[in-house]
Amino acid sequence: MSNNMNSFIGCESNYKNAGIVLYGIPFDNTTSFRPGTRFGSNAIRNESYGLEEYSVYQDSRLSDYAIHDAGDLECPFGDTSGSLSIIEKFSKKVVKDGKIPVALGGEHLVSYACIIPIAQKYPDLAVIHFDAHTDLRDDYLKQKFSHATVMRRISEIVKDKNIYQFGIRSGEKEEFDFAEAHTNMHKYDLEGLRGMLKKLKGIPVYFSLDLDVLDPSVFSGTGTPEPGGVSFKELHNAVLALKELNIVGADIVELSPHYDISGASTAAACKITREILLAIGGNINE
Amino acid sequence: MSNNMNSFIGCESNYKNAGIVLYGIPFDNTTSFRPGTRFGSNAIRNESYGLEEYSVYQDSRLSDYAIHDAGDLECPFGDTSGSLSIIEKFSKKVVKDGKIPVALGGEHLVSYACIIPIAQKYPDLAVIHFDAHTDLRDDYLKQKFSHATVMRRISEIVKDKNIYQFGIRSGEKEEFDFAEAHTNMHKYDLEGLRGMLKKLKGIPVYFSLDLDVLDPSVFSGTGTPEPGGVSFKELHNAVLALKELNIVGADIVELSPHYDISGASTAAACKITREILLAIGGNINE
Amino acid sequence: MSNNMNSFIGCESNYKNAGIVLYGIPFDNTTSFRPGTRFGSNAIRNESYGLEEYSVYQDSRLSDYAIHDAGDLECPFGDTSGSLSIIEKFSKKVVKDGKIPVALGGEHLVSYACIIPIAQKYPDLAVIHFDAHTDLRDDYLKQKFSHATVMRRISEIVKDKNIYQFGIRSGEKEEFDFAEAHTNMHKYDLEGLRGMLKKLKGIPVYFSLDLDVLDPSVFSGTGTPEPGGVSFKELHNAVLALKELNIVGADIVELSPHYDISGASTAAACKITREILLAIGGNINE
Amino acid sequence: MSNNMNSFIGCESNYKNAGIVLYGIPFDNTTSFRPGTRFGSNAIRNESYGLEEYSVYQDSRLSDYAIHDAGDLECPFGDTSGSLSIIEKFSKKVVKDGKIPVALGGEHLVSYACIIPIAQKYPDLAVIHFDAHTDLRDDYLKQKFSHATVMRRISEIVKDKNIYQFGIRSGEKEEFDFAEAHTNMHKYDLEGLRGMLKKLKGIPVYFSLDLDVLDPSVFSGTGTPEPGGVSFKELHNAVLALKELNIVGADIVELSPHYDISGASTAAACKITREILLAIGGNINE
Amino acid sequence: MSNNMNSFIGCESNYKNAGIVLYGIPFDNTTSFRPGTRFGSNAIRNESYGLEEYSVYQDSRLSDYAIHDAGDLECPFGDTSGSLSIIEKFSKKVVKDGKIPVALGGEHLVSYACIIPIAQKYPDLAVIHFDAHTDLRDDYLKQKFSHATVMRRISEIVKDKNIYQFGIRSGEKEEFDFAEAHTNMHKYDLEGLRGMLKKLKGIPVYFSLDLDVLDPSVFSGTGTPEPGGVSFKELHNAVLALKELNIVGADIVELSPHYDISGASTAAACKITREILLAIGGNINE
Amino acid sequence: MSNNMNSFIGCESNYKNAGIVLYGIPFDNTTSFRPGTRFGSNAIRNESYGLEEYSVYQDSRLSDYAIHDAGDLECPFGDTSGSLSIIEKFSKKVVKDGKIPVALGGEHLVSYACIIPIAQKYPDLAVIHFDAHTDLRDDYLKQKFSHATVMRRISEIVKDKNIYQFGIRSGEKEEFDFAEAHTNMHKYDLEGLRGMLKKLKGIPVYFSLDLDVLDPSVFSGTGTPEPGGVSFKELHNAVLALKELNIVGADIVELSPHYDISGASTAAACKITREILLAIGGNINE
């Protein structure tokens, strides 16, 4: 008689038993072009029922692991700092309770608040960042906290050169200069990923996936589609490769479902979410 | 920590305390033209948050009454009789527990299963039926149970002439002949409604609202849009008029949200659902 | 074994026996704003199966009359005068064979070619014109033949003051001045229609229906939606009123179905087409 | 050789000579449900070319008056107070230069900044407010400046009871109580308008038009469509009635064009903008 | 004077002379997620006119072969077994008349009925199956006949291990176990195809193409888009490779055109249909 | 105070100083299937603000070069020869003033008029043509000037074998025969491009890019989507390769934005336009 729970498929553990906590962040306050990622996490939950919970790629089921879907946080519209506090607080609780937080955006700025407590717990934290955009501006129209500055802000709370960026194909010249000096950036695609894996073996890793790293042919349902991105298979193979790492947190951001009338972008977001959860779950259980 | 409940706005009573039980029926098995009403109830819940729970028309709030949203029933695809059994069983339980069931479709055939236990409890049951279509065929492509035959089937379980039809503007000649003999039909619009109210004072009434009674300008998100329907204000005024009656059950059917890209049809379904719930709620509390 | 005929519902007479000949004109060469009416007639045929062929308003069926659907003419893209010749030729044949031609547009310029042979046969021909736009320019960007000049051209082949315009709410000042002098124009809506009917009793009448006379809430699937139009019921009642007249030809133009994602505009076009065919059919049979 | 000016049709006066200054405000920072009004003013300009610049209703042309289209202001995303300052500053300059500002939203909060300099110039300023929503909350999720609080904020800078609200059909109970005490509210529709006109003769009036006062059948392209609104003709007649008043400023807000795939909402916004400009223009010239 | 035939481009042979018979099956009764494939075959016919009938890949024209388009079968909504009988009967007639049947879906369950008479004629029949999904469940929500069980049912009427599956990337674990034991399954893509061709030389082959084998970037217009699929070129090359085989029947299923607003999915379905027809046609003529 | 200029991002040079002149041609008169490219150039300008003006691929900014955006030409609807004259005249002026013209379509026929003055200036002019379609018919439905004949017409004003075609995958047999004799055609993709570059070193080259060379997964927003095309990366790499050539003019045609609801096609058109402008700009400055 409680059929109106709305969880991601196969994520039906209670909070207490869960090793992984999935939560949504309906926040798109600083989106510069087409807004609407506030509807992303709910769309991912709703459409996850078009998927199987079993992955033939990983030969495992979501219900093999204890995953709790905590629903969406409530972020006040137009209040960026208030929203970031709410996100940080929730992430902190999950981390403190020894669970792995996996956030569904919302826009990319949310990653900053998600990472704060994780970076506090793991001073060596590495951040793997897949994106079309550098997100390395120091400010955007004078705003310090924006989805265009988020990796710059994160660079200030993790060690220098501990951010690994892939797929980047858009930004200002100054951002690429900053990357040269302070991050590890692999431009255009995900090809350099395997080489990096050895280096990160054993180190705690946060994985921030801006879905616009995908080509707009695959993923047009986003605020700033940037042609020339990776295919779904390339992204998927990269996620499978990450299984070798010690992932301690993750986010999947920038689905804007109202620009996805065909449903193809939301389906991509759902499937990659399942694969990330299984990749992390398999790792925990080992 | 349980933010992923997905209830209609303001319907957060538990089952036990509730006087009204709202539930969804994702069933569109017999839809003859454009399918997709299976997604109707979920869309209504999701988009209800674009509404206020307070109605200035009725000067009351949904939370003033104890309303439980029981979520969606699980109907097996392609199994019409199995689905009807599941619906009937749930409706029976709600009725037996002394609560008023309000169903969100799904297609119109679901009304038949919803009504069975109510007609058993109230032998004098009157059915008020708003629709563009007669729904009075004896069979449709040899199927006895179809959204095109539903009122014919209902006519077999309530007393002759106890169905009151409004807004009807499409059907076969034979259906209009049947209506002449066995129902009270008011064609094209809702104008004759007030005259009927006195007659039905005190009698138990089931209200079946096929949303395609609305003009497609208001409500295009449905399988068989039929031009020449009523405006939202006309429908709304009719619903307010029903407050004088003893409503013992209701359904709101035929929203097909994938044909509603603008969201206007879903917004209409949400608002009329709120108004019906408040109308019934006010009546119970008196 | 010939299921792939694509005719308007209920229009299955062969040409020889038919009293009415329906035909499509996929031509949108001179459309000034949003093109695409070339797809109009085919959409009307495809979606007519969402309708009943019986009309409760007129208590008659399309199959009560002998109506032939001749399919679409082939108009060369970009060749306005060639296309007009093809249309005129077909209209001429139908008229010569003693049948009533009813054209499905396509854009409004097609009316000119449809009318030529009818105006030749009936020197007193009156033209009833429902539209949002005057269509009375002498030229449009120097083009004499355009959907913005079509009624001006028609005014040159029928007697002065024999055009009756209704619903007009957009045009240049000069066009309204021309109307003052040379047509009977009723601005904004259809209210003056009944007064005109007596005057036209017995006179041969051509009915040209530009569907954008409807308000865009009802009919957004058109090239130049003009807010402030009539409701479907107003248009429908007007069509029923025309039953008293001697309609010798008609057209229904300006559906652009690619701007009608919900299908509501196409449904309106289908239903009004059925009602016009029945209105003409009833008249012939008397 | 400067064909890439993008002005509203017929608004081609330079700033210096202009009596009316039209300007766009691409701001939707506080939108609570579906965002995207940031794209409204640009859509209105682009689609204005589907209109005539001549209005048969008012028998006048936009080019009969000197109207300057100043383009869009640049509002920093996510910075509400910074954006409001920019708007206020521009409005102030226009007012100081003796011209009438007419703003195209963007969301409704922009009205507050537009009005400040006008209220300073005219201490008796009356505000006529057409909307579906009260917009009278004291705060929204703790935010003082929001499109849900805008009329409350405006009530603090004009005299008590100097706000005249029409069409209101949604809000919280507390907002309606506030209206009872501090504004003149006419619920649901625009019928009481004529009675108010005499009272306001000669008094400086600001006209704030939230387009969602229109029924979603007419205007679904907005963030929070609220069924049960007025028709285009009702709105249009009200605008014509306002010609008798001394309008000293106006805004037209809440078009969200990405929810308007058919273009019908944008067409409605364009036409009503033309009619408002002509109504004001006629008044100035007298 | 019979322009309203609606055939796939270049398929204008009469039935008697035809070597290949194309027919549509508007059936989507058991679709589990997004319905609408009932509109697939008609959309493919309508949009085929955006193609050339000549293929530069195969240097041949559809009109080089005698292909008859028999239009759509009439399947009663909601009656699965009745519909399957109708399909089987038509397929049987075509096979008996010595022609090759090529079906346009509709959903995948139709393949079962299409194959029955072919499997009866050719006891060694091999089935090549391209799909994203295994379709190997024994039942789906207790239904034995469903688009999720269709290959399981087919496995019961052809010899063990005679089904060759390609592109499969979604299913339950139990289905992959069944495949291991009873079919030849190549997961994820079409790469193993060439190796299989030699093995099948001379053996009668049925080709069942579920278009969702394509990546949703190419083909989002389907009920259950499954990311990670093949590109159009990969599918096309595979079809060209099949020219070496003795194809005795084929189907192309699961286009749901109402989810294909851009038309790209329908265009893909049209082009692959042409290429399959030419591949079979070339083979017959040799 | 002149914020309503609507230029492609970073193209803000005045005409006099400019080395490159970008201009739009809203012409789609001869489009054979889905019309609407008349809205292409304006959409490209509007959406260019979703891009950066800096390209990391070329490490340069649009503002590094002097590029003037001249806005859209005014082409009379339905008047093909008049429109071609207007285009030719503008192109001639730009060429005469020693600047490089880059046109944004509109449909492909515009290339013919753009090229005439360039071919007059450079008798050795080579034309590089990327397209899905041959465009080599001698006439189309008897029209000599059509987007289906444009390369044939161009073949008549440049030297034999001076047209280099890539990506071609659709046409009639006769067109491919013509190509064999009179052009250099590389079918299906862009692979042969590098081999051609040496040959063309130093020769003046016109680059005509029909965006439907892209696969419909990338670019569905066009009149005649043809599956099996190139990826964005393939096209982009080809454009970068062209940097070695002496480009003296270019066009980018066939975006039909009303078929691009997601915006992905328009984003692709914007980005490739930026890359072409930078490639040409870099070349001039050397």
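Labels A, B, C, D, E and F are assigned to the chains in the order they are written; within every chain, residues are numbered from 1.
Heads up, the rule we're going with is that contacts are C-beta pairs under 8 Å (C-beta built on N, C-alpha and C of every residue); 3 or more make two chains touch, one makes a residue touch a chain.
This structure is a prediction, so every number in the text was calculated from the model and none was measured.
The chains in contact with chain D and with chain E alike are A, B, C, F.
Counted as hops between touching chains, the shortest connection from chain A to chain E is 1. Ranked by how far their CA centres sit from the centre of chain C, the chains are topped by A.
Superposing the C-alpha atoms of chain B onto those of chain E requires a rotation of 180 degrees, given to the nearest 5. Of all chains, the one whose mean C-alpha position sits at the greatest distance from that of chain E is D. Averaged Cα coordinates give chain A a centre that lies 38 Å from the centre of chain F.
Across the assembly, chain A contributes residues 34, 215, 217-218, 259, 261-262 that each touch 2 or more other chains.
Taken as a contact graph, the chains fit none of the simple arrangements: neither line, ring, star nor complete graph. Chain pairs that touch one another, listed by label: A-B, A-D, A-E, A-F, B-C, B-D, B-E, C-D, C-E, C-F, D-F, E-F.
The part of chain D that touches chain A in the complex is made up of residues 28-32, 34-36, 38, 76-80, 82, 140-143, 145-146, 258-259. Taken in their complex, chain A has these residues touching chain B: 1-7, 15, 42, 45-46, 69-74, 261.
Those residues of chain F lying in contact with chain E across their complex are 33-34, 168-173, 176, 187, 215-217, 220-221, 224-228, 259-262. Within the complex, the chain D residues that touch chain C are 49-52, 54, 56-57, 59, 61, 215, 217-218, 231-233, 236, 261-264, 267-268, 271-272.
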